[in-house]
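My questions will all concern the structure given below.
To keep things simple, chains are lettered A, B, C and D as they appear, and every chain counts its residues starting from 1.
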Amino acid sequence: MTRFTFAVLLPGIALIAMGCDLNKVDPGGGISSDSVVTIRNGSSAATPAGGDGGGGGTAVAAASGAPGKLIGTIKFAGTPPVLPPKATKGNAKDPAVCAKDADIPDESLLVGANGGLRHVFIYLDKAPGEGTAELPPAGEFDQKACIFTSHSFLAIAEVEFGVKNSDAVAHNVHTFPALGAVQNFGMEPNSSTTMSFNKAEKAPMQIKCDIHPWMEAWALVLEHPYMAATDENGNFELPELPGGTYNVRIWHERGAKNGQLERAKVTINGETRLDREFPAGDFKL
Amino acid sequence: MNKFWPLFFCFWPIVAVVAFWISPAMNWWFPGMAMSPLGQQIDNLFYMILVIVGLVFVGTHIGLGYVLFRGVAHEDEKKSWFSHGSHKLEVLWSVAPAGILLFMSLYQLDVWMRYRVKSHFPDEVQPIAEVTARQFEWRIRYPAPGKALMPTPQPDDLYTVNDLHVPFGRPVMIRLRSMDVQHSFFVPELRIKQDAVPGTVIPIWFETVDEGDFDLTCAELCGWGHYKMRGRVFAERESQFQHYLKTLQAEQDYDGVRELGSTGAQIAEYSRGPHKQAGH
Amino acid sequence: MSTLSPTADVHGHGHEGHGHHDIGFIRKYVFSTDHKVIGIQFLMTTLLMLLVGGALALGVRFQLAWPWRTVPIVGEIVFSGEGGTMSPEFYTMLVTMHASVMIFLVIIPILAGAFGNFLIPLMVGADDMAFPVLNMLSYWFMWPAIFFFGLAFFWSGLDAAPAQGWTSYPVLSALKEAAPGAGIAQTWWLMGLTFVGVSSMMGSVNYMTTIINMRAPGMTLFRMPLTIWGMFITAILQAFALPVLTAAGFMLVAERVLGFNFFVPGGLIVNDSDPTVGGGQPLLWQHLFWFYSHPAVYIMLLPAMGMVSDMLAAQVRKPIFGYKPMVYSMAAIAGLGFIVWGHHMFTSGMNPALGMTFMISTMMIALPSAVKVFNWIGTIWGGKVRFNTVMLNCVAFISMFIVGGLSGIWMASVPTDIYFHDTYFIVAHFHYVLFGATLFGCFGAIQYWYPKMFGRKMNETAGKLHFLLTFIGFNGTFFPMHMLGIAGFPRRYADPYIHPYMEHLMPMNRFMTLCAILMGLAQLILIGNFILSYFTGEKVGRNPWQANGLEWSAPSPPGHGNFDIPPVVYRGPYEYSSPLIDDRDYLMQTDLPPKRPVEKEQDNTSSNDAAEGQG
Amino acid sequence: MKFSDTIVCAVALLGIAGCSSNSVPQFETSQDTGKLFQPARDAVESELQAAFGTPENLVVWPDLPVDFGSFGGSIEKVTTQGTLVVPLAGQSALATDERLPELSGAAVLVAPAAGGEKGAEGGENAAAVYRVAHYDPESKTLRVVDENGKPTQVTAAEGDGVQVIGDGLQKGRNLYLKHCMHCHGVSGDGDGPTAPYLKPRPRDYRKGIFKFTSTKTGVRASRDDLFRLVKLGVPGTYMPSFMLLPDDEVSAIVEYVRWLSMRGELESKLVVQLALDFGSDQIGPKRTFADMSTEFDAFRGSDLPDIVKSAGEELGADWSAPEDAENLVIPKEERVASSLESIARGRKMFLSEKTKCYSCHGETGAGNGAATEEINDLPGQPGVKAEVPGLFDAWGNIVKPRNLQRGLFRGGRRPIDIYRRIHSGIKGTPMQAFGNNLSDQDIWDLVNYVLNVPFEKKTQASH
């Protein structure tokens, strides 16, 4: 063996020895790698930041101002697209009941004559700390002519309300909550029952009927009554609030950003107006 | 140094023989004794071939080693032996192996016939279960207690998965099917193997000589989960087997309300997965 | 370069490439029609593929030794989220591609393609193949095959390669739902297979024609070296068996793409799909496949047998013991090879009566194999044994072939095959035959004919080191597989240890894997030796081994047209240590009969012997 | 011999590349988390890390109703230097006496006597954490060291509660990674390396929804449900039967799967809380990254800990509920014997407007009802039409109504199983609960009919 060879061999062997611990024949890693268990102490990893309060979604501390209602109008700016009906008259499943007399409209974007947008949810994320309004009487959720009424439904968590099937066919109510428990139960023809949502949500949830795929509604479930859905002219009215500044969510099912059209900071000082006009670009169309 | 390589080539058959010799002691051997009469015959055939093959193996390697050894010692100046062969030797080493090979093949036909040829099956062996292989498990269908297995599913059939219970001490037959791709029903301890070919129903019979549970594996590549197809064959007393079927029936008819009756204890266990009593 | 020019020798040593003809570099070295260049191209390609196939095998071995551990190098890239552990379907893909690459891209082409091409014209005394362009095409059809195999493997990023095993049994390979790799990758794979088939077919037609028509004057059939016999019989085997496989391949493609139902029976529910509507028979594929693939085993063996015979005779300076029985046994192996395919299907549920006939025919094929082994031992007997690399590889060939052949007896006998079918016993068996025998033969042949290819010898020390490591690694890897098989260890299991009766075999598998790694690394020595010897090897003349064959009468390396002096054959190729001459122990096929008068007695014996040897 | 040098170098390079690899499995964050803006994503990840750790370093969160294989006891005597006399007893199926000698290295919680045995569960009582150095079951002596393995003095008194966290979770993890991960993924997202080839897709646990349960609508799966499912497999899918595993291993897997579900649920709960305010799509000219960061820091300091805390409590309640017998679906009436009359009634019910079973399952039960031909909106994605007709499940996968003619029942073929499917639906799918509409009698008729569908022709022929 030449000296040169030797000179190369030695570093080679050294490299092998460095790269590969030959004593450890059993390679580690993979699923058989070791794992340890530690115990969680305390309940959050959050590192408290300097500032406190005023955070996202929370009620901003009331500086001043008289209590009042929040009212307003939500509008669609520009010419709304014309959505085809979800089922045309006489051509739906179960034609004896569904779309018997009229088309079943697509309610996901209903714009009134003055540009007012229907079925927009306006709500506070959190109840104001004091002076909570009374809970409104529970609404009723109906299924009529194979349409859910109302398309925008408001409910309070853990408060029972009536569900009705006014049709001569069976429907089912299938909810898609983000936080609460899923419900999916059948409604036999012309029956009624009660239901409730077990948890408050951050945003409205979809309700579907699997038998009639066009049937769709949106329900907002909160722990407090500070919510409203716009009527056919885009008008809404929230119950009276203590004076102060609040974060108000404006949400529509076709809103481009997870449905949220805007998170407005509103200061209540007596009756306050919140009018908004959203261009088509803010929607998923 | 010249002797190194002949020794090297001699060393190797010794290693091979030693390896085979110590294997049973090291547990590198059959997974236990053959638990079926047919399996014992197969083992005997294996050993017979092992002896013959071993002798031939050692013999040829000794021959090879010997000629190498002699060849290494061959002087440089002397020429090699100039020979084009020997007719007598050629005849000898053609006829002798031919005889041995023919003997070996004819000697084995009997076992093969008993295993696979229908007319040589044991008398009155009836199918007791249908085993349907699928990716990646064995689905088993029994007839209701006291009934015979029908070719097509019956409303009162009993279903289970991966655990095949059979009575021991008598030949039993299963009907082997595949629901998707080709699988192979392999019970090493019983020394049986039969491919489950899609589209055909293949009857296989076996007899276990004693109680026990045997691993059932798949021996034909059937997809990514091939290795996962572990089932078990439980050989048990006839009475236990009948009891098992009854338990299975009670489990299968369980409506969550009705009194559980005498098999209640088992059913309670079933709610945490069946066959605890038989397995671990 | 004129074929007959006596000065060709001078040029023959160089690779100047700008000789007398205006052949461009591309025509000369890339799209060459020269059988020698094509042979070397085949050799390079197959050695490359050998590394690929070996790497795949190491992946398989790794999983068996350390199941679900981080796979070195590849694992961290491909399965990073899972901690680098290979997924079970990747394991089956490795198994499949290892076998496919090794069989179709290494062993078959290295024997028929590389050595067949290089040796046939040289050994029969022809200036080139009968159809040089066809010959060139046969090489260049390998590349689409490699491309399609590669495409199959890398399609959609390493994880949807064919995973049906190299046997590709339907239904697994016929329905795309049945396995991860049964999608388009399986079609690519079949395309690759078809290209390999076309390539082989072109080669085999060429070989048959060349051997039959282009032998040098005096080269009678029974004066042909056994290598040529091996190649000839292989070519015939390929010509008859390949069409069946190609047809089967097309049927499977038709089944997959056009919805024919050759192989898929009705009513199967695979992967939650709708029930199949077929009416086909899965066993049909097995019959067709094995009708080719069993003879293919001999395609992978016979040329190596021939080459080892030639090398052995030259190394021990002795005539082949029983030349004609050697030829007849090769023919017998080939003939019987066509009627034994059913022994792959003993447990498949085919008619049991067939099992019996196939058992007898399979047992009988052991007979010519035994005759060959005895004849090789007879050849060494009384010879002068000098252990150089060639000799070592030849002896290893014989030794490994004995092991592989004998373990086949258990497979041939149906009752024991019931147990051993699809266990590691059979893996051990065919690796002993295909790797142990064939590849050791090839390693020997590379060393032996390297001087003829490049005019230089390969390094002996490195060759011996390579042999030693490969032999130890090989036996360490594959001998324990017999034990695994006896223990009932099934093939193609990604994690056998979830079955309790195999748990205790993991240490043995680790040992085998370490041996396999050793063996894999040893091949780097071969590659290094192969490349570096081209530059540094000892320069040699025409006949460095003092052998008798026609190829040794040509320059090293032979120029275009091979022979500077047209060869005329006077005797068989194995007249070593002939008493007819005194000054040397070899008598080349082209040497004129010795003029020295010989004693009467000696003359008789030698002519008798020669008569037996030469017919 | 120059080439040998080259070879040696090559080998060395391979050695370095090959043997130094040491990659580990990792939990992946969900797609929804990925849509948050960076600081929020980091916060979610660090919360998950704190609550559940990584596959290498599993975190035991004692609030969760997971069987960690713990042992408990109260101190009888404290001797010197970290040695306690405690009779330890297993608190669960995963903590058996045989495991006692193997406890070395396990974490120990020592809670003041005021908390008693319960004290160990809450983090508020600031239970001290040690590790087991050695436990001798004979003399019941427990020697503990501090978390770094150094000898320490135990601040405890007689009667204090001791909880030793066993290796239940690790056992489950190892088994899960070996048997389940290839399909269900390391984080239980149903997206392991094998998953793309499987139909139906492997379950994504992160929603906490399992299809085949014995519990009422809206209630999670019980341990027994998961145990049975793992043991028996899901016929007709790639979920195989794991009968091959002993019961304790299956239990360990079930616990680990529940733990993974909880991890996924915590993640999605946090994301729901953050998505509307801190989604990366909210960044725009009106609201810059800096604005959002400031706002998020405040949120993180004030609201996030509460959210995590209440999410933990919710998880605890939700996953304990299925173990409560009240939440199980148990028929009030016995099964109506399967007779031709009952089957006929069931068939009538199946085809009635009251149930509309046929609308999905088809009039012959072949799973080809009209609903499978309709184009649906994707659930939860208003206005987004599915590209293919058919029904979708909660995971966004197309789901076929069961073809009853095949006689394959994924959730089990016992009458009680089918009763439960009809009574409370199949979670996460359009299969609805009929329990409030139909009487037990009606459901049993339906069960009898469904069980008879594969044999229908025969029954009619013999009729």
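One rule holds in what follows: contacts are C-beta pairs under 8 Å (C-beta built on N, C-alpha and C of every residue); 3 or more make two chains touch, one makes a residue touch a chain.
Owing to the predicted nature of the structure, the values given are computational and were not obtained by experimental measurement.
Chain pair with the larger contact count among B-C and C-D is B-C, by C-beta pairs in contact.
Taking each chain's centre as the mean of its C-alpha atoms, subunit B lies 32 Å from subunit C. Inter-chain spacing, taken between the CA centroids of subunit A and subunit B, is 60 Å.
Once the centre of each chain is set as its mean CA position, subunit C and subunit D turn out to be 53 Å apart. Between the CA-based centres of subunit B and subunit D the separation comes to 39 Å, rounded to the whole angstrom. Touching of two or more other chains is recorded for residues 68, 70-72, 75, 82-85, 87-89, 179-180, 269, 271, 495, 498-499 of subunit C.
Residue positions of subunit A with contacts to 2 or more other chains are 27-33. The residues of subunit D that reach two or more other chains are 1-2, 4, 11, 17-19, 21-25, 55, 177-179, 181-182, 194, 197, 238, 244, listed in rising order.
Contact annotation for chain pairs lists A-C, A-D, B-C, B-D, C-D, with touch applied as defined.
Only residues 135-137, 139, 153-155, 159, 161-163, 224-225, 228-232, 251-258, 271-276, 279-280 of subunit B touch subunit D when the two sit together in their complex. Against subunit B, the residues of subunit D that register as touching in their complex are 179, 182, 194, 197, 224, 227-228, 231-233, 235, 238, 240-241, 243-244, 246-247, 250, 330-335, 338, 407, 413-416, 419, 444, 451-452, 454-455. In the complex of the two chains, the subunit A residues touching subunit D come out as 1-2, 4-5, 8-9, 11-13, 15-16, 18-21, 27-58, 93, 108, 168-170, 172, 174, 176, 178-179, 181-189, 191, 193, 198-199, 201-203, 206, 208, 210-211, 213, 216, 218, 249, 253-254, 256-260, 263, 284-285. On the subunit C side of its complex with subunit D, the touching residues are 68, 70-73, 75-76, 79-85, 87-90, 159-160, 177, 179-180, 269, 271-273, 459, 461-462, 495, 498-499, 521, 524-525, 528-529, 531-533, 536. Within the complex, the subunit D residues that touch subunit A are 1-2, 4-5, 8-9, 11-13, 15-25, 43, 46-47, 49-51, 53, 55-63, 68, 105-107, 109, 123, 126, 129, 165, 167, 169-170, 173-174, 177-178, 181, 209, 217-219, 268-269, 272-273, 275-279, 281-282, 294-305, 308-309, 312, 314, 353-356, 359-360, 370-371, 374-377, 379-380, 382-383, 391, 394, 425, 427-428, 430-437.
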